[in-house]
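One chain, chain A, appears in both complexes that follow, with chain B as partner in the first and chain C in the second.
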Partner chain A sequence: MIILKDISKNFKIPLKKEGLIGAIQGLFTRKYTLKEAVKSISFCIQQGEMVGLIGPNGAGKSTLIKILSGILVPDSGEVEILGFIPYRDRKRYTQNIGVVFGQRSQLWWDLPVYESYTLLKKIYHIDTATFNNRLEEFSELLEIKKLLRQPVRTLSLGEKMRCELIASLLHNPQVLFLDEPTIALDIIAKLKIRNFITEWNKKNNCTVILTTHDLSDIQDICKRIIIINEGNIVFDGEMDTIIKRFSNFRRLVVSFSQDNISPERIFQSFSRDEKVSLRELEIAKGNNNSYLIRFSDTNNSIISLIDNILNNFSVYDIKIQEPSIEMIIKLIYEKKVNLSS
Partner chain B sequence: MDIYIEFAKKSFQRLLAYRMSMVFRLCGFLVSLFVVYYLWKAVFNTSPTIEGYSFKMMLTYLVLSFAINALYDLPVEHALANKIIRGEVAMDLTKPIDLQGIFFAESAGTSTNQLITYNIAFLIITVFLFKIKPPASTTEFSLFIVSLLLGFMIMTGIGFITGAICFWTKDAWGIFFVKTALVIFFSGSLIPLHFLPKWLENIAMILPFHGIIYSPISIYLGTISLYKVVYLLLNQLFWAIILILIGRVIWHVGIRRVVIQGG
Partner chain C sequence: MTVFHYPGLYLCFISQHLKKIFEYRLSFFIGIIPFILLQLSAIVVIWVIFKKVPHIAGFSFDEVLFVYGLGIVCYAFGRMVFSNLNNFGYRYIIKGELDAILTKPINPLFHILATDFSEKEIGELFVGIILIIKSIIGLKIHFGILELLALLYFLLNGIIIYGSINLIAVIICFWTKDIQGLTSPIMRIQEFSQYPVTIYGKAIRFVITWIIPFAFISFFPAVFFIRKEEFIGYIICIPLIGIIFPLIAYLLWLKGLSRYESSGT
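Up next is the complex of A and B:
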């Protein structure tokens, strides 16, 4: 159970003046700007929920997850997790949580992976039988068995992230925090990690909070999503709502392998198909010989659109573009999308 | 408790990887020892004893001072400072561990490593070369060991405070420079403290640093009364506790100021 009430956090950032003279001036007087990273945020998360915290870079989601995991002390507001106040009861609280930060490592750089795990075993007082069972199970599932004897510094990014994930789960935490866990990973590595987290969440009824700036990262695995922008909550609700409302803003990107294509010709080809409503189509030329087609899902099935294009033109490639998180936030602000269902 | 032993073992192991650097350090220490050897030899040419020390005692003092210093020239406190400056301390804060305890454990691991790999070689060479004075008696030798351990607590306590101050300074260079200068001068590394002018000696004996070098070596040499020995040991114990407590306070205020760069 996670309760957050009116949590705010500001950072003082020193302003550096330019050049040598500026640097010398900075020795005597220093000006600061106040950055409000998190502004009065409140929410409640139940045990066993899997929540995606999403927002563009610098939205405050990392700050928030660091407050939740007991690293940062909020300037104001109340936070209570599993009956603890994270920053105050740090030592007892952290016994119950697991943390993975995509940009930092909890493994000991110059030790073999296995030795890092034995240190964690001691830190969390895990008994040997349980430790061996879990490590066996996890390393099987995440396919890292043959990496256990390698020093951490020799691992690839994807391998390291899988090892980090195991490190955060060995003590069977009740809450798992993942800050950009799939940052800079390729799609296969991302999938492995996603599947593992979902399975594990189901099996152990453990709360998972995951931050990302990429919607596709969490749309398959999180039921609930909290969108953050500039330190404020923009949306807090069902992932389904977001998917449904914003599927209208998907775009089809078609690269043609024939010349003499124009938006008009594409429109013409659709006019013969009664399933397509031309009114809600927008077609724009992209680079090279590709065109962007924006359509409304309510009236136009994506299948009939693609069908039509393939029947009438010779096509080199078709992509479906999901709206980015920046676009979703912009649309919510401009009230172009009604989120109350 | 076994977690601290585990950390001590790990940092002990880690140093074993740097064998070449150990050889170079040994050579460096021997060269500097020769320099001070000739310096003091010239000084003692003018009179056979100075401030109650014969040349042989002075030489013993210097060899032991170098040997103790070598125990502490360690990467642990730099590692702590870097963790704080780069924000890596965040990961440690998500673990149910006491970072001051870990710091002491890691220092103990590296010091033990230094003791058995490097100090023993250093002592064998110097005893052979300079024929230093053996300890006054077994009692004095065991009290010397106790004093050395308390000195380790003082030095490590200071090291932890220095590292934790980086929460404010955001840079390690200045604060480490100040620390090193204070320790070298006021611990009696270069010169026995009672060689100093009386007022300076008094200041040095008020500060905690004399417990690192001067106290243990004075006990080893047996130049002071038993009453004074007990006083020095209690003084060391007092400072060890105070410095650990100061370190805890600074740390707890410091982690409230954690700012983590990079989102």
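Up next is the complex of A and C:
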């Protein structure tokens, strides 16, 4: 159970002047700008929920997850997780959570993976039988058995991330925080990690909170998402709502291999029915011989649309663009999409 | 996790570090040589000076060697145990590795200290011990079990004071967010305290006694064995400094920790 009430966090950022003289001046007088990283955020998460925290760079996701995991002390507001106040009851609290930072390792760089795990075993007081069982199970599931004797520094990014994940789960935490766990990973590595997290959540009813700016991570794993922008919660609700609302904002990018294409010609190729069902249609010329087609996709007319284009023109390439998080946030702000219903 | 688990945990960390050393044996031996040479050259300088004059500020050659030897042992031990503090600013504050430390259910300061251990000072340690033995024989100091216990206590006390000073010097990084904090200027001053403090002027003496209490690490403990009466007031203060200074350092550490801002990812 996670309860957050009016949590705020500001950072003082020193304004550094340029050059050596500026640096010397900075020794005596420093000016600061105040950055409000998180502004009065409240939410509640039940045990066993899987929640995605998304938002553009600098939205406050990482700050929030650092407050939740007890690293940062919030400036104001209340936070209570599993009955603990994270930054105050740090020792007892951290015994019950697992944290993975995609961009930071908690394994010992020079040591073989297995040695790192034995240190964690000591740190978390895991008894030997439990430790061996869990390690056996996890390394089987995540296919890292062969890597256990290798020094961490020799692992690839994807291998390392799987090892990190195990490191954060050996003590069977009740809450798992994942800060961009799939950053810079290829699709296969991403899938392995996603599947593992989903399975593990089902089995242990552990709460998972995940930040990312890859929407597909969240689609696969989370039922609920919280969208954050500029330190505020923009949306907090079911993933399905978002998917439904924003599938309208898919765009089709078509590169034609024939000349003499114009938006009018594309439009004319549509059947009468399509012209009726395709509302808010926009066709714009892109680079080279490609065209951007945007429309409000009410009854999955995208398929018939593609069909139509392929029948009438000679096409070199066709792409469906999903809306990016930046675009979703923009649309929510401009109130083009109503999420309240 | 109670206090009693920490020694065992520390050994675990250290044994991991030792495995690394055994893997790179050659680098270990090459690493300790410069430190031994450095100390030997300093001893040669002291020896050359005493060729010309019989006493410095009333201290004989063997007395200076005793003071110097105890200093080497304390500082070498201190640097071995507290070596990871050298990386503190860069590794933990600027790169934000403190994040991972703070998500573990053990004392963060302990975790940082246990993470690294310097073995390069082991040669210096031997030089120091040999100097102490040589000067004890030369000075004909009575050295029984009680003296040995006192020496071990002073050693532990000295290491703790050294660590506290080093910690205070790097905690500044929480506020300044730079790499070094005040480590290098403060740790330079340490060199003064390896010689009898009475050879310096009042100002320097005051600083290394009461502001940055390096003199309490090895000099005052050393005179306990050779000139108790002359420095009795200071000698009484040794245990006090050994309690007060670490306490100040730890409170500052907690204060700094609450100001920790991590680094953006």
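By definition in this document, the second predicted complex is superposed on the first by the 330 of 341 C-alpha atoms of A that agree within 3 Å, B and C clash if a C-alpha of one lies under 4 Å from a C-alpha of the other, contacts with A are read in each partner's own complex, and residues count from 1 in each chain.
Simple rule for what comes next: a residue touches a chain if its C-beta (ideal position, glycine included) is under 8 Å from a C-beta of that chain, and two chains touch if they have at least 3 such contacts.
Source: prediction; values computed, not measured.
For the composite obtained by overlaying on chain A, chain B and chain C cannot both be accommodated without a clash. Touch criterion not met for A:Ile266: it reaches neither chain B nor chain C. Once the two complexes are laid over each other on the shared chain, residue contacts for A:Leu72 go to chain B and to chain C alike.
When the shared chain is aligned, chain B and chain C each come close enough to touch A:Thr94. Residues common to the contacts of chain A with chain B and with chain C across the two structures: 11, 58, 62-63, 66, 69-73, 90-92, 94-95, 97, 99, 101, 103-106, 108, 110-111, 115, 118-119, 122-124. Across the interface of their complex, chain C is touched by residues 11, 14, 58, 62-63, 66, 69-73, 90-95, 97, 99, 101-106, 108, 110-111, 115, 118-119, 122-125, 179-180 of chain A.
Interface residues of chain B, counted against chain A in their complex, comprise 2-3, 6-7, 10, 14, 17, 87-88, 90-91, 93-98, 256, 258-260, 262-263.
Listed in rising order, the residues of chain C touching chain A in the complex are 1, 5, 8-9, 12-13, 16, 19-20, 96-100, 102-107, 115, 177, 258, 260-262, 264-265. Listing the residues of chain A that touch chain B in their complex gives 11, 57-58, 62-63, 66, 69-73, 87, 90-92, 94-95, 97, 99, 101, 103-106, 108, 110-111, 115, 118-119, 122-124.
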